[in-house]
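In the part that follows, the structures are each spelled out as structure tokens.
Look for chain A in each of the two complexes below; its partner is chain B in the first and chain C in the second.
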Partner chain A sequence: MSAKPMLQRLRDAANEVDFNRFRFWFQLVAFVLFVYGGYLAIDLGSKLPFFSCGYNQEGRAGVCYLLPLQHQLGRNWAVLFSIASLSILTGFLGFALWFIVLNKGWCGFVCPLGTLQDWISALRRRLGIRFSNYTHGQFAQLTKIKFVLLALLILIPLGVGGGFFSHDMSPPFCLICPARMILPIFTGDLSQFTIDFSSKTAVVMTALGISVTALFLVGSFVKKRFFCFFCPMSALHYLISKPALLKLKKDGSKCTRCGDCYAVCDMEIKEIADDVTTTNIMTDDCTLCLKCVASCPETGALKATFAGIPIFVSTEAGFIKRMNKGCQHGK
Partner chain B sequence: MENEIHQVIPIQPAPYSRSRQAGEAQTVLDHIVDDFQENPAAMQYFYDLFRGVYCHGDEIPHSGKLVGTTCIQAPEELIYAFGATPVRLCNGSYHYDQRGADFMPAKSCSLVKATLGMLSSENVIPKIGKPDLVVNPSTCDQKKKSSAMIEGMGYSVYDLEFPNVKESEASRVYWRRSVREFAEQLRKLTGQRLTRAKLKAAMAMTGRAQAAFRTLHNFRRQTPSLILGKDAFLVTNAYFFDDIERWTAAVEKLNAELAERQAAGFRAVQSKAPRVVFTGSPPIFPNLKLPLLIEEAGGVVVADETCSANRMLYDMTAVDEWLVGDMVDSLADKYLKPCTCPIFTRNDDRKRRLLDLVDQFQADGVIYQAFSGCQVYEMEYRSVAEEFNKAGIPLLYIETDYSPDDQGQLSTRIEAFLESLKNRKKRHA
Partner chain C sequence: MKIPNRPAALLLLLMLCGPLGAEPTEAQKAEWRARREAAGGEAPSEAQRAEWRARREAREASANAEGAKPAASAHEGHGQAAPAAAKSKKAPASAASGMAHDHAGAANRPATGVAVDKAPGKPEDAARASGRPAGMGGMAMRGGGGAVWLSDSPPARGDGAARGGMGGMGGMAMGGERSGPPSKRLWLRAGNDPQKSGFAREDAEAESQTLLVRPQGVLEGEVLPPPADGKKNLAFEMPVQGYYRVYASSRKLQGETLNVSVAKAEIANFSHGGDEEERAKALVAPRILESAPIEIVREKAADEKTFFQLKSGDEQAFVVLQKGLPVQGARVRFVSHEGWSKEAVSDEQGRVSFQIIRDYFPAWDDFKKRFKASYLIIAEANAAEKGVFKDQPYSTVRYQATLAGNYYPSPDDYRSYAWGLGIGLLIVLFCGTAVYLYRRRRLKPFQEVRFDER
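Right, the complex of A and B next:
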């Protein structure tokens, strides 16, 4: 038999990769880059589509778009409804351009807060404690929360700008976002762990922030990717995901609905296993971590494509390699 | 009283190998081995295995407790993890079918009659020994009602509760709980604890067997075929009772030979031989009646969708975190979600699976076997036929049982069907 062409060999190598290990290292590098990159004077701007938290002032290599967005929307209405607000549109355009490249892959591969949750999960796993799941009913209700948070994240700053709410509520989401408190810790900055007693609103908001952070730590120990389920950034992603380059595709005719993809899904997305008609299978909760592709035993049933080109395809050989590795692991 | 005969010549019990039952197996096996040319050399292991077990009544040794299963839904990884040995009790022998007919309703299906007939006899063939526990998943009505009957024969029976609907979330939750209860039952039976290492090792063992099966399955995509369907069915039938590691090694050897055949451009059939996907009631040795009739008539079974072969071994389990809880739940999902058994309310998965097999294996047609009395397969035929009509794929529906009486008329029907497939192929070419 003749040797396989170079491209095919490259594809096979990619499809049979030890995916979890690859993703671990990718996430680690991204974490270091975005949490410590600032020390190397890396600045990728303030339109990043993931939680590269602006409050991590020294280490950050760029700023999460939600921070400037809320500030911009919180302008005095006279300014907001003037030509000056063109910058909101250009800002959004910049954000959208970043986003389009990786789609929700930013969540599954780059977001430092997401990575942190994966590490907390790994710690739990090492302790031999099993993860928890939502019931079907809980899932259906909770999944809406991120859209509510997204709406509030837009409406509250508008209210602040219009004089309806106190300035101490701005930026509302950042004040309750666990990334604001946790990511600066990695550069030795504990200053966010304070309750601001300057006003009643400030007390409520900062206390809420601390509670959410505590909930985040406990939640992500119990539940895989606990916070992503409620993340308004994830909701925003989903709303503009149509033109994104990285896509998760499913070929239902090859699917046996065995549920292997669902079994490994951190976000408990049932559609990934049960839906055999939708080809563009990324749902609002998906983080494009691509674990489903890695755990699918049906060749070609699931694949990640970039600009239409398949870059990671589920294969039988890849599945057997990865799962057998899992089996030998504890022997 | 003077006429009383004092000297009674004791009737010597005839050895099993000379019984009619052994004869039935012998005839089929001879047919499988001798009436086809160029059988793969690696098939000798399986021919010898069946000859020993079914024709000579050889015993099959096992380790630990023996757990008999009456359906593919009993998670065998769990049984292995508890140090016990699973054995699939579903039987294909006409001898036992007739025996079962003595106490079962006339319209029951041959498979259930034969299985119960076997369990009710003193000398059970295959000679596996008396199962310490018979696990009877609550699948079709006939199997469900068998529980009490099997118990009446002196076996200890565990009803593994299996849902009739598989799409709903409630069924998944119910079944996962059911599987956990089964694990608890096994713990009581064996006195062992289910540990992470043991379950992982059990899953690695079945995983290797499944990988070997999949490789064999993939070799059957080749046109013209490298191996006949009758041999493939014999291989998967052996999985019912053979030692799993020995079985896997034998299949891997067969795969190596098929790889050589492929490299050498070997053809097990003529290039024009119609390629058939087999679906429906499971062919179980010695009842390989239909696959044999198909291949005698010049066709070749390239793939199947039955619970004695593909459905039993195809779907593999993925686990995210290798902890006992996650492994057990993942296993439970594997045994429910991809299952295409007709006992479920709906069966879109079966239709999609069949269409995919026809496409992937470049099949020319499908033969659908329904055992008389297997109501679910009989009823589901209609919807499957409609789907195939729409897709323009020829389908032959055959209702039959274990009796050899209908071979004549079946072979006529099959020959006619294969002939039409050939003509169709010519027209399309």
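Right, the complex of A and C next:
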């Protein structure tokens, strides 16, 4: 038997990889990089397409784009509607360039808040507590929330800049984002766990922030990727995901609708199993975690491509290998 | 300082007049008498008058005695003031009239042969004796009384109001045309109290110069044109990110003493959307002017971020430099927004540190967490340096540097951990319990169905 070409062997190795382990280590490295990278003088700028929280002042290796975006939109209108706001466009361009590389894979593999949710889910699993699901009706309603939050994230700073809202509402999303409170804890900074009594607006916003954080902790414990469902960054990603290089593709002709992909999907995306006509199967809720590809037993039914090149394809051999190692279906 | 009552104020006024060395005119006496009577105060007794007279004579005698000491080694130490004076260019519009009333005393004090005169003869000695605030002892500076400093707000406007913008002298607001780069306006003010200081007045006898050092400009700075069109502010644009520094220096001869003052302002201009490489360069760029006869540099903490704000309760260090070299023994004074002050002496590194006090105590409904308070740093040092200024010889040089900045209320004043953690814990417990109970209710216990076979 002739030896397989090197490229084919590489492909086989990738397709048969112990995906859960690979993803765990990838996420861990990314978490350490973006939560502690600042101590190593790593600074990847302020246009990152995931929650590398700017409030983690000591350890951050870059800043989530939503923070500068809200600051820029909150400028006085005289400045906002001037040439000075060209920086908003250039900033967005920087964000888009980052995003275009991994698409929503930033959420599934890199986002520290997403990683935290996965770790909380792992803790629940170890404790033997079952997870929760939304009903289809709930899913259909809740999935819209992230777009509402994205709209508010843009409109409220504009209102602040126009003098309609208090400056204590700015930056509105960061004030209620759990990353603002949770990620600095990893560098020993508990300063965000406070209620600001300097004004009524500040009291409301900080209390809301703490409430959302508390809900995040409880929600993540019983529901996989609880917060990603409401994440406005995810909504923004989806709006500009067309030209992204990393894509999730489905060949409906090879799909048997076994439902394995749906069973492992943290986001409960039913289309991944039901839709056999769409090629580009990534939806607005998808985090591109690629667990669906890893759990698919049909060769070539699901695949992740980078710039059109398949980098991770579902194969029967890979499926069997992973099953033998104990794929955590439905947990 | 609060003056308790009007008679006391009159007494203070009389004491302030003491070092002038001249007897009040009859018109002045009549005016004081009238004011005293209007205030319901009593005329000072003969005993009080005698005591004041004795004090004044003692002061004058002390000053004369010091003035008679030989200035033997005046060239030791730095002794190089003349070249700097010669190099300076005249900026007539920013010249101002000074406090030319103290030359009989402190201004004539000779050097004692050390680089920085720490011996008797410190400028504030006379000031203390006269009851005036120290730090101003006879500097022939522009202004109507007090140190000359650069402020980001004019006197009438006052400080404290939270204004938009970022950066600046620890948070100074910035302006700018809509379509242009941000700009900055600074006012030259005179006085020891950040709130009460008025505009610095022009002094035709002083030689003045204002330099602007831009982040990517020449290290020596460029001459900033004086205010035009009747305006009183110095204005300049800040097209790139970084620290912009303005040095308003003045030289004036009083007796045999050359008074050299440098009022400095440092404005941080950074933006979130700005060029990151430009910002990184600006953060490591030098923040001193090696040609400055004296200057105060605010020491940046190692972990200080771009959008730094000084808060009440923070410890802030300053370094006093002359021609880029640290000055040991300089008397440095911190004056808070409400006029509280503290004095310290710089160490061998020229360093001095102050804790920013909390002096903002409004009614809670009026509390503003973005309340911008101003502080003022005044540094003074004497040096035995001989030279010639405007064809007049001098034997000592009195240096004065000022630096103003802003500070804000500490978050500890308005933030509560107890409430934050309490609310968080309550919601976690409530939601956790709710989820648990919800799940319990949805569990349907197995119920065996038995048919009744009878």
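Keep in mind that, in the parts below, the second predicted complex is superposed on the first by the 326 of 331 C-alpha atoms of A that agree within 3 Å, B and C clash if a C-alpha of one lies under 4 Å from a C-alpha of the other, contacts with A are read in each partner's own complex, and residues count from 1 in each chain.
Note that a contact is a pair of C-beta atoms (placed from the backbone, for glycine too) under 8 Å apart; a residue touches a chain by one contact, two chains touch by 3 or more.
In this text the structure is predicted, and so the values were computed from the model without any measurement.
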Requested in this report: Could you tell me if A:Ala263 is touching chain B, chain C, both of them or neither one (first, second, both, neither)?
Outcome: first
Query raised in the report: Which of the two partners, first being chain B and second being chain C, lies in contact with A:Ser191: first, second, both, or neither?
Result: second
**Report entry** First (chain B), second (chain C), both or neither touched by A:Gly128
**Finding:** first
Query - Partner chain in contact with A:Thr90 - chain B first, chain C second, else both or neither - result: second
Query raised in the report: Counting only touches as set out at the top, which of chain B and chain C does A:His71 meet: first, second, both, neither?
Result: second
Query raised in the report: Can you list the residues of chain A that touch chain B in one structure and chain C in the other?
Result: none
Query raised in the report: Along chain A, where are the residues that touch chain B in the complex?
Result: 1, 125, 128-131, 135-136, 252-264, 270, 273-274, 276, 291, 295-297, 316, 319-320, 323-324, 326-331
Query raised in the report: Which residues, counting only chain B, touch chain A once they are in their complex?
Result: 167, 169, 173, 196-197, 200-201, 203-204, 207-208, 211, 214, 218, 263, 314-323, 325-326, 329-330, 333-334, 337-338, 348-349, 352-353, 355-356, 359
Report summary line: chain A contacts chain C in the complex at 43, 45-46, 57-58, 67-68, 71-72, 76, 78-79, 81-84, 87-88, 90-91, 132, 167, 190-191, 193-199, 202, 206-207, 210-211, 213-215, 217-219, 221-222
**Report entry** chain C residues within the chain A interface of the complex
**Finding:** 164, 176, 178-179, 271-274, 276, 303, 305, 367-370, 411, 414-417, 419-421, 423-428, 431-432, 435, 439
